[in-house]
Amino acid sequence: MAETSSLNSRRPAPPPTLGELAALVGAEVVGDPNTYISGAWPIDDATPGCVTLIDHADRVDRLAESPAAAAVGPTDLPECDKPMLLVADPHAAFAALVQRFRPRSTRVSPGVAPTSVIDPSTTLGDRVAVGSNSVIGRDCVIGDDVQIGPGVAVGDRCHIGAGSYLAAGVVLYDGVRVGSGCRIHSNAVLGADGFGYQQRDGRHELVAQLGSVELGDNVDVGAGACIDRGVYGPTRVGEGTKIDNLVQIGHNCRIGRHNLICSQVGIAGSTSTGDYVVMAGQVGVRDHVHIGEGAVLSAMAGVSNNVAAGETVLGAPATPLKQQKLQMAAVAKLPQLRKDFRKLRREVDELLEETAPQGSTPEAADDPARPSERAA
Amino acid sequence: MAETSSLNSRRPAPPPTLGELAALVGAEVVGDPNTYISGAWPIDDATPGCVTLIDHADRVDRLAESPAAAAVGPTDLPECDKPMLLVADPHAAFAALVQRFRPRSTRVSPGVAPTSVIDPSTTLGDRVAVGSNSVIGRDCVIGDDVQIGPGVAVGDRCHIGAGSYLAAGVVLYDGVRVGSGCRIHSNAVLGADGFGYQQRDGRHELVAQLGSVELGDNVDVGAGACIDRGVYGPTRVGEGTKIDNLVQIGHNCRIGRHNLICSQVGIAGSTSTGDYVVMAGQVGVRDHVHIGEGAVLSAMAGVSNNVAAGETVLGAPATPLKQQKLQMAAVAKLPQLRKDFRKLRREVDELLEETAPQGSTPEAADDPARPSERAA
Amino acid sequence: MAETSSLNSRRPAPPPTLGELAALVGAEVVGDPNTYISGAWPIDDATPGCVTLIDHADRVDRLAESPAAAAVGPTDLPECDKPMLLVADPHAAFAALVQRFRPRSTRVSPGVAPTSVIDPSTTLGDRVAVGSNSVIGRDCVIGDDVQIGPGVAVGDRCHIGAGSYLAAGVVLYDGVRVGSGCRIHSNAVLGADGFGYQQRDGRHELVAQLGSVELGDNVDVGAGACIDRGVYGPTRVGEGTKIDNLVQIGHNCRIGRHNLICSQVGIAGSTSTGDYVVMAGQVGVRDHVHIGEGAVLSAMAGVSNNVAAGETVLGAPATPLKQQKLQMAAVAKLPQLRKDFRKLRREVDELLEETAPQGSTPEAADDPARPSERAA
């Protein structure tokens, strides 16, 4: 997690001017370009003299009451009292300014820390960085420009593709393969045993978990996420898929390319997804189903069947969005429907009584006017 | 996690008497004060000769059948056969007795372990303890009496306030600020990248995650919990807020003061909460909403809208408690309502037939007596 | 995570023949026993010349189009074009073949790594292996054949039974007891403080968490799972219980024997379970309830009451399976029921109008034909 932070050094340089910042991001200056700028902060955190971000015209009012000295905004922003940097993509420009004041990278200090323990049978590419107290096992292949934070544990026979980053505390069990350009966040665990048992004589015996985990290129894995090894072959995550914190992916899953899997999602074993699937937070997907390309699983959906390509589902059990919204609306009005039903029941009873031949009565033992009490 | 456990040493001292324990906790002794006491255990785990806890009169029967030699109880406890320590706050007294026999602290052994790696640019306060194999980056400020367990990774430019405790395996990414008196439990991760991507040419590109995480004073963070860094500014957790294990807090969130956030809660990005909010287990809250002061989100609630101050909500989608309970009760009785409806439908059909003019009939193609089959 | 992988060494041996593999697993060869076999992979991952698994007759068609050279199958498999190894238990045989080509064990390299830090007061059994950079505190007792991966932190006064395995990054707080034959996966945390606070003067104060965690023999704990210490006594997990990744078990819980607790389940404090309970993924169980022996909690169930022995429950709030399925079916048809109700309401209104005495009308202010608008 260490980084080269020369801009943060102890010898204070004079702060930059608005004009200098404009040049940095290719913005048009409105107002005094000689204004000194002390930092770059979003509007809720603005400090005196900083530059802030006004990404939409309807937020321009907040600038007046802010201690910020200036703001980055889109070129069509209405005029206001403070100096502005106008630019086509204000978010990109503001991000560059934040980096100017508070440079950040996920880069590890160059070189291999002397306290790391790397088996001599392992091959390290060029410019590999390994943080303090990290451990790499036997017969691994670590690609060029790989960055491994402190306290990481890489097992035997792992492959890590060029330019990938493993943050502090990541664990790769034996035989895990990580593509190029991946980011694995802290305390994620790849390759632990799948949860597969068979009962024998009243005991649960672990089914052999002999497979591995394979991530394609440019896969991100969030902090604390877990991807279990396959039973015989690999659990696979396709190229470009992004996995958020605390997600669980069970053994033998085949996750497609460019999926977005939000925090705390759980996917049970042997389930597969197409490309561009989106799973919102806390979704649960059962084992052995397929989620079609481009499907969207809404937050907290409980999915126990295949989902068709392009479908959006919601609820538990999950159903297509439109149907689930009708259901949810109907449930919200269900207490009223019950009242209305009871009123109708009473009216029909009166009608039946009126139209009944002399001497006949409704069955007293099965009073249809009070269904709720019978059902209770 | 090491501690000074002189009471646990190998030279056995004689066990304390009930009278000595009474003096320790300011209790009134009922029975023989010379009874030797071998330990302090709750009633389910009582061992021969131990003192146990009877915190309520209706549990006094359990004492007779227990191997415990005595019990701590409230002053109004009815008499029983075994010696008692009567005291106004029996839980506080019993906790003190447990500590007497099994002293526990979260304190790390004093001093900085020789196997830790601390950048020389970092400032350590007085009496800082750092466990084995921990790593602290550049330009950090570690307050007085901070306790850092083994295997912890602290990035660059982090601040940790006086008296805070980081348990084994905690990770702070660069620039994280922890207040005073905080407790961060094992394998919690503060400051990993938020889950923000924009799609470009069919690929998800990470939006710059340049902010940080700031915890107020006296914040507790549970084991394995994750708090992501903000996009430009800090993700904030207010003073006195307590966060349980495996909780996820997304980027840019502003969590108020004195919240209680139970295990496995997930809060999506840019959501804010007032003070004294309570979220029970497995709650999910969507992005960009506000949870008002003192609101209570019941277990497993799925919150996709603002919640008013003081409101209690339940269900997914979450609605105010009273309304949700009505809905849940109505759903439980829905199968019966369907039966009742079909009966009524039949009765009305008969009525319509009776009152219909000669020759007319109900529409056969749209038999209203069997709605369930049509809906299926 | 290192292992003795002599079969993986750099001097290539000739590949085994089908006949040699048949001898290894006691299979009958159908076809040429001299066929060289290059590896063992499941059908989805089959490589040219490998042996694969056809565990059921209806998958035999996949073999023809596969690059595999041969397959393991059950003795009653219909004949096909490729050589076969027929055997009574094809999964056990195939697992053995996978192990033959890609030997895997969770075994740590023998001996105590020089970079580990073990307090001299701690007792190590015979053949204990400790990985690099692991830390073991004071007065621990580590049984024979215990395997501890790299980067593990074991507190003071912990006991680990013979043959147990702690993977990389596991944390045991002080006083935790692990039985024999347990497997604790990476980054699991045992013994962190329970989430118990009492409010005093507007602040949440931690209730003393003085207990511990005790696992029986042959307990498995998944990656990132958390089991909190009890308040005064132990949080207990019974013999043979298997716990999946990212599970949360609160303080004072008493989990029975041979439970299966799937990923992301959360169990609040002081809850107990009988033996052979199954909890599917993402189940939530409230505090202070009891789940009876052999009960099954279906995926995502939200359990807020005791569950009877042998009962299967579903839904949130959880109800017995049959009842919940009726409810779910009824909810799915609820939009139709509302339509049917409105139609019936209109028909009855017309009937009422026809049968009404001259001059009377339905009450216009309470139009029962449009209940949905009133309820909205």
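Each chain carries a letter (A, B and C) given by its place in the written order, and its residues are counted from 1.
Note that in this section a contact is a pair of C-beta atoms (placed from the backbone, for glycine too) under 8 Å apart; a residue touches a chain by one contact, two chains touch by 3 or more.
Since this is a predicted model, take the numbers as computed values, not measurements.
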Problem - Chain contact graph, described as a line, ring, star, complete graph or other shape - result: complete
Problem - Superposition of chain A upon chain B: rotation angle, C-alpha, nearest 5 degrees - result: 120
Exercise for the section: Give a one-word verdict, same or different, on whether chain B and chain C use largely identical residue numbers at their interface, taking over half shared as same. Expected result: different
Completion exercise
Per the C-alpha means, the centres of chain B and chain C lie apart by a whole-Å value of 22
Problem - Of all residues in chain B, the ones touching two or more other chains - result: 115, 133, 151, 169, 187, 224, 246, 264, 282, 316, 331-332, 334-335, 337, 341, 344, 348, 351, 355
Completion exercise
Within the complex, chain C is touched by chain B residues 1-3, 5, 8, 40-42, 44-45, 53, 91, 94-95, 98-99, 102, 104, 106, 113, 115, 131-133, 149-151, 167-169, 183, 185-187, 218, 220, 222-224, 240, 242, 244-246, 258, 260, 262-264, 281-282, 299-300, 316, 328, 331-332, 334-335, 337-338, 341, 344-345, 348, 351-352, 355, 368, 371-372, 374-376
Handout entry: Residue ranges of chain B touching chain A (in the complex, touch as defined)
Key = 115, 117, 119, 133, 135, 137-139, 151, 153, 155-157, 169, 171, 173-175, 187, 189, 192-193, 195, 197, 202-204, 206-211, 224, 226, 228, 230-234, 246, 248, 250, 254, 264, 266, 268, 282, 284, 286, 302, 304, 316-317, 319, 323, 326-327, 329-337, 339-341, 343-344, 347-348, 351, 354-355
